[in-house]
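Heads up, there are several structures right after this.
Below are two complexes that have subunit A in common, paired first with subunit B and then with subunit C.
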Partner chain A sequence: MTDVEERLRRIRGGGEGKRHNARTISALTSNPGCTRRAVADLAGVDKLALSRHVGFPGQFGQSPFAITRGQQFEAQVKADGCAELITLLREHLMLSLPEVSYEDLNDVGGNTDNRLRHLETRNKLGRRDEPGTLFDHPMLTLDVAGRQVFLEPDLIAFQVKGKFHIVEIKSFAVIDGQADGAKVAAAAIQSAVYVLALRDLVTAQGMSPDDVSHNVILVTPKDFSNRPMVTFVDVRKQLTVLRRQLSRLTRVEELLDLVPDGLSLSLDNDPHDVTFDLGSIEARYMPQCLNTCELARFCRHEAQGSTYAMGRTVTEELGGVQTVTDVLDLARGVLPPTPEQAEAAALLRLAWSIRRESLGNAA
Partner chain B sequence: MRLSIEELERRMDDLRADMRRAAAAGHSDLVRDLRVELRGLEGEWDKALAGLARERPARTAGPSGPTPAASLLPLREQVHHALTLLTVPAAPRLIVAVHQAFFGASIPNARLTSLRRDEEKSFRSAPFARPYYLCPALTADRLAPSRGLLSVSTWPLVDRLVGPLSPRVHFLVSAIKIAEAIERAPEYVPEAVRLLARFAANIPGGGDGREPGTVASAARAELVIHEETDRIAREKAAKRTQRLTDVQRLFGVRLEAVSLVEDAG
Partner chain C sequence: MTTLTSVARVEAYALGRAVPIATRRHLQVSDRPLVFVPLGMAGEANAPLACLVGDTPASPTLLVVPQPRNRDLRFAFAAQLADVVLSYVDSFTTAMDLVKDKAVFTDAPQLVVANPAAVEFTRLLGRSTRFRRADGPYPVDPAVPLLGRWLTWFADATERPGSSVTIALTDALAQIWATGQSALEDANLAALMGWIEPWDGLTGQQAAAQAEDPALWPPAGPATDPDFDERVLAGLIKSYDLASDGDERTRAEATIAAALRSQLEPTWRLMWRAVELLRSVEPASTVERRWLRDRQTFTTQVEYWRDGGAPQPRVDHAVRAAQRLAWLERDLDEFTVERALDDPLAMAEYRLSGEAFVGRVISVDATRVDTSGKRRKPRPLVVLATRDPVRLEPGTTVRSAARPGQDCRVISVAPLPAAPAEPANGAAPDVFVPMAVTLELVSGMGRALTPAPGSVPEVDDELCYSALVTNAGVQPKFPSREETPWTHGGPPVSPEVDLPTVDDAVEDWS
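What follows is the complex of A and B.
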């Protein structure tokens, strides 16, 4: 076992680590500056259990009802040899009638080993004599911070006229052509992770990365019904973001250099020690973290009184001012601003004077 | 359908054997379900016995046992009926829907999952003791049990294989068979028509499913495109099945505990 693996094991506190998936990767890219999350994810720490251990229990992730609903919708779209999906693809992508072949990559001869499934995926997708059409649950891999991560995508890769598409089946409704923006954005970045992984795979097979389309096919329920509909999502922007963030995700060794030696987030340790160790890894809390990170409540508590806990817009307006106390002092003119704070300070003093004029000393 | 007292006795024996096996394997849920079925049969048997004692021509006695909600027939026979109607391997969802539509009785979906395991166990303990077994369809590339598709052991092996085009072929054949069954049925079966409508919506030119003839001819038109290629692929795979053991031929080759395959990257 290498030193790096040994250290990651110590941080995790032994046992098997939790794996990355498309969700954690897209979350990672939404806050790439957060060392705490990067280290915890690399070590495969069970962040939900850790959060509970340090005194911040709470619900995280999709509700079981949402998950069941998602699975039901997926099963419906894929039932009877993907009958509904084929109808949609014929309608929107001019899929010709003979193109209906379906390969189930959920297991290889009843075996669900990741490596085996990945090999099978590579063989089936790379076949050129009889190119398939639909591939159910292919197993892809992606390099994240120097480690190979298996991605078990909840989707079908689909090939038409020599070009692969990612089909993402989501159970949130598109009502009158409108869907929840946050959900579409999350689906887009997740799909971008798959596009990237699929491009890696086809490149390794000697094909061009352009053989994987940047147009993702999003299948969602239409209006208030259970009928599926298709939307095309262009993920070129997400791909650029993702590629940049993944390259910025520093390599494991460099990340570990930022962490004190002997640090351990093991659940067997005393919660006080773990809290201290956790605090010694730099974090960058943002309100969005609440949606994407299990440790968010802990970080929010820690970040109380700092300006970045109030979100990106506030942080940008108050560039260079770290804490709420400083903000108030600058506004009142008690604290002399440093040159880089001058602009924000002028704005704050103006705001303070307007407030005093309108409210007097009432508040 | 009313069973003779001999048939009832044979069924009860079968059921008891199944119960013993299920209990040995620790499937307490299955044991409970089977017990309910057994009690039903025992009630039937009592009635049949009383009928025999009362008068010799007991055949005129009206139907007394089966309620429309749950069939008296063992689960495996119900599944067999549905599969015989479809003539192609089918997923449990479709089997349940077909049985409900044409035979009126509902199959508890949960029990279908244990069925496959029980059939295999039964075959292993006493090979070919039953006239047929319900077994998984086999994937054409690895001859492995396919996920979730059930078939009947008495079908020719080539019909139990699933190639890349087979899911679509199964879908179209199912549509044709369901349409034909509706046309044969003496009366209008609303559930079956609803089932067919689901198929019709996903077949080019299938209409809305109210015309079984239209659905069937649309399905046949598309079937012509895939049938040949699909059959060739399956026949090629069928040639490889000759070396399989009986158990493997029925229940598939499993790829277990693989020594890590060298990554050929």
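What follows is the complex of A and C.
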């Protein structure tokens, strides 16, 4: 354990390390085969700073307007002990909630230590005697690659009559009952991360995992206004995906076996050395990484000349041939295919010849 | 993504330049499109920040909302935009043609935006303005709700396959060219254009890499560059908010306008260049017919609203939704087939999958007669030799674009006993197995027992046959709204349920 922690510490170059959040976990599980991302995340590396250090700055800036809007909306919903949220829950969930208390778990008597807060969260959430409680900022943990990680407590757990719901406050608008599909999908998978973590917690407390509902309460602005509305989002599908992907992650010990001893991604090291070390961890680049991973541009550069840099489906459509040169040579018939390539080569030659012929017809 | 486009991407990568994946354009490009580059404020549902709009490259109109969170300023923007859009639309409602005894406007408006996100922005801007009212509480300029109707109409048109009313350029260009990068990266208009027409002697890769730098190429919108928001815009909007008098406010507004113009102009120029590029590709033969349908839709819409028709509802009711779906399916069917028949590169997809083939006629039995039935029928047999991987089942009906109206039945597909000639380019025989396809002609030969002259293919004719046929079947009948079956929610409770209400007009627009 300590050996693992020590190596992770060396990889990140000392310091506390970045905490996981629902977003990083869902990004991690969107590409579970990528050792580079798994190692960097488990070590708590600041990937954005790292990407700048090696000369491929990721573009993950958020507009100050968006940040302000998000904060304002959240503050509005949470104001006065979540008064607005409680009204919504009463009205829309047909719940009779005579009294709903609000408890902020942001610190334990001024102490913000992760472990302490996690203990406090466990104690508080284990009590089920109250009619309804909103727990703000509970500190949850999740087992990622065989290692317990703390989750950024960016959520509210709503307990009513012993049953928990995750409440997600998002500032994207739901207009006429419809919202941006990508944003809803992202919110759903992030909520699923919290459902999973909360289920782990209640099970450890001797409760049933079903005590945490798979229906997540999504709070968003309604239409073009600032008025909040509530939507139930069923995240059962996301939970299945998440569980499967998390189980596919290689365990941290095995991951570290894949990484050369003494490797360090410390920002104090010379960029050339870091580039070399980063390159020696295997990556699995795909274009979607550009939306989810700060290191994507580095990996994209490295993947130049491969067919998968144009998309995993492109590689599939080309019969699994990995490089541009091989595709062209097989298609033109100048490279004798290996037995495994025979089928792909036949397809490529047909495609090439039909393409040339059709282009010729057009001229 | 198909094998052929993937091969084209590889080719483009190796060349350092985009390559064609279509030999024709399958959309109409107007002589005078309305190019619209909207920018929205980050984080807001649909808060317009600025736009460049106009139908000539040289004189765009710049509209700016100096404080997008201010409701009055937003509606002032909408009223100004309405001026431009409505006079553009109106300019198409003067001359009419007679088509099948019905008067149709001679041309239709065309909205050109950079990408699908801009279409979405247009749709939401339409949604947030079309239910406003010029009277009652929160009155707006009477042009604002009309703007909303037309923006909604433009946005809805993108759902109709084959419609050219609204063009999202990244989509339109990607239909014609394949780049050496991923489809995801093609969504950046500047990067895509960098592959199609690299500038300054760069390769496609290099141009696309430059295009990804928002400092060199501001994003095509509607989302702005977060860095620009932080470094420039946030401060300017703050100065506007803090302005102590009218003069200071006017100056602050002018500074904001100049900053936003600098973000918009590169995209504006790029978009007009993209329009020119699309125009330079030869249109497919069916483009005009599909554009006629767009003109008809436009005419119907103008007449409907002139006669006092209501704006588009928030959500379609069940019957209308089902009807619309049926139309979209029909249009998609038709468009898919027409595109393949019009364009050898589109047809190539079907040849590769075995649903179509190109072959040379090697024997013809023109006098064959089917005597099995009551009436003797001419049923000539035609055998074609092909190297395509034909996967057509015997009994399938096929047609050739070169011989419209002639149905043929596939009798057999078998390896050619003796290949007429080995492929000249030295292709290995294991890949290109020459096949003989025997077809029976079943129609398009005149009424006599002997086929009419020229109605049967001749030896050495090169023909492309495919199983692609337009499904011109009967459209399903739909009940009236009042007879909505219970499976679909039953008849509407109130006939007015999807009409705008006074509540819509006063709806918050924060």
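Keep this in mind: the second predicted complex is superposed on the first by the 334 of 363 C-alpha atoms of A that agree within 3 Å, B and C clash if a C-alpha of one lies under 4 Å from a C-alpha of the other, contacts with A are read in each partner's own complex, and residues count from 1 in each chain.
The rule we apply is simple: a residue touches a chain if its C-beta (ideal position, glycine included) is under 8 Å from a C-beta of that chain, and two chains touch if they have at least 3 such contacts.
Worth saying up front: this structure is predicted, and the values here are computed from it rather than measured.
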{"item": "First, second, both or neither for A:101, with subunit B first and subunit C second", "value": "first"}
{"item": "First, second, both or neither for A:84, with subunit B first and subunit C second", "value": "first"}
{"item": "Contact breadth on subunit A, by residue count: subunit C or subunit B", "value": "C"}
{"item": "Partner chain(s) touched by A:334 [first = subunit B, second = subunit C, both, neither]", "value": "neither"}
{"item": "Complex contacts: residues of subunit A adjacent to subunit B", "value": "75, 79-84, 86-87, 90, 97-98, 100-104, 106-111, 113, 115-116, 119, 122, 130, 132, 204"}
{"item": "Complex interface listing, subunit A residues touching subunit C", "value": "59, 61-70, 171-173, 175-177, 180, 221, 223-227, 287-288, 290-291, 304-305, 307, 309-311, 313-314, 317-318, 324-325, 327-328, 331, 333, 345-355, 357-359, 361-362"}
{"item": "Subunit A partner contacts - residues on subunit B that touch it in the complex", "value": "91, 93-94, 139, 142, 144-147, 164-168, 170-171, 174, 199, 201-202, 204, 222, 225-226, 229, 252-256, 258, 260-261, 263-265"}
{"item": "Contacting residues of subunit C [partner subunit A, same complex]", "value": "1-11, 13-14, 20, 23-24, 41-46, 120, 124, 127-128, 180-185, 205, 214, 224, 226-227, 229-230, 233-234, 314-315, 343-345, 347-348, 351-352, 358, 387-389, 425-428, 430-432, 507-510"}
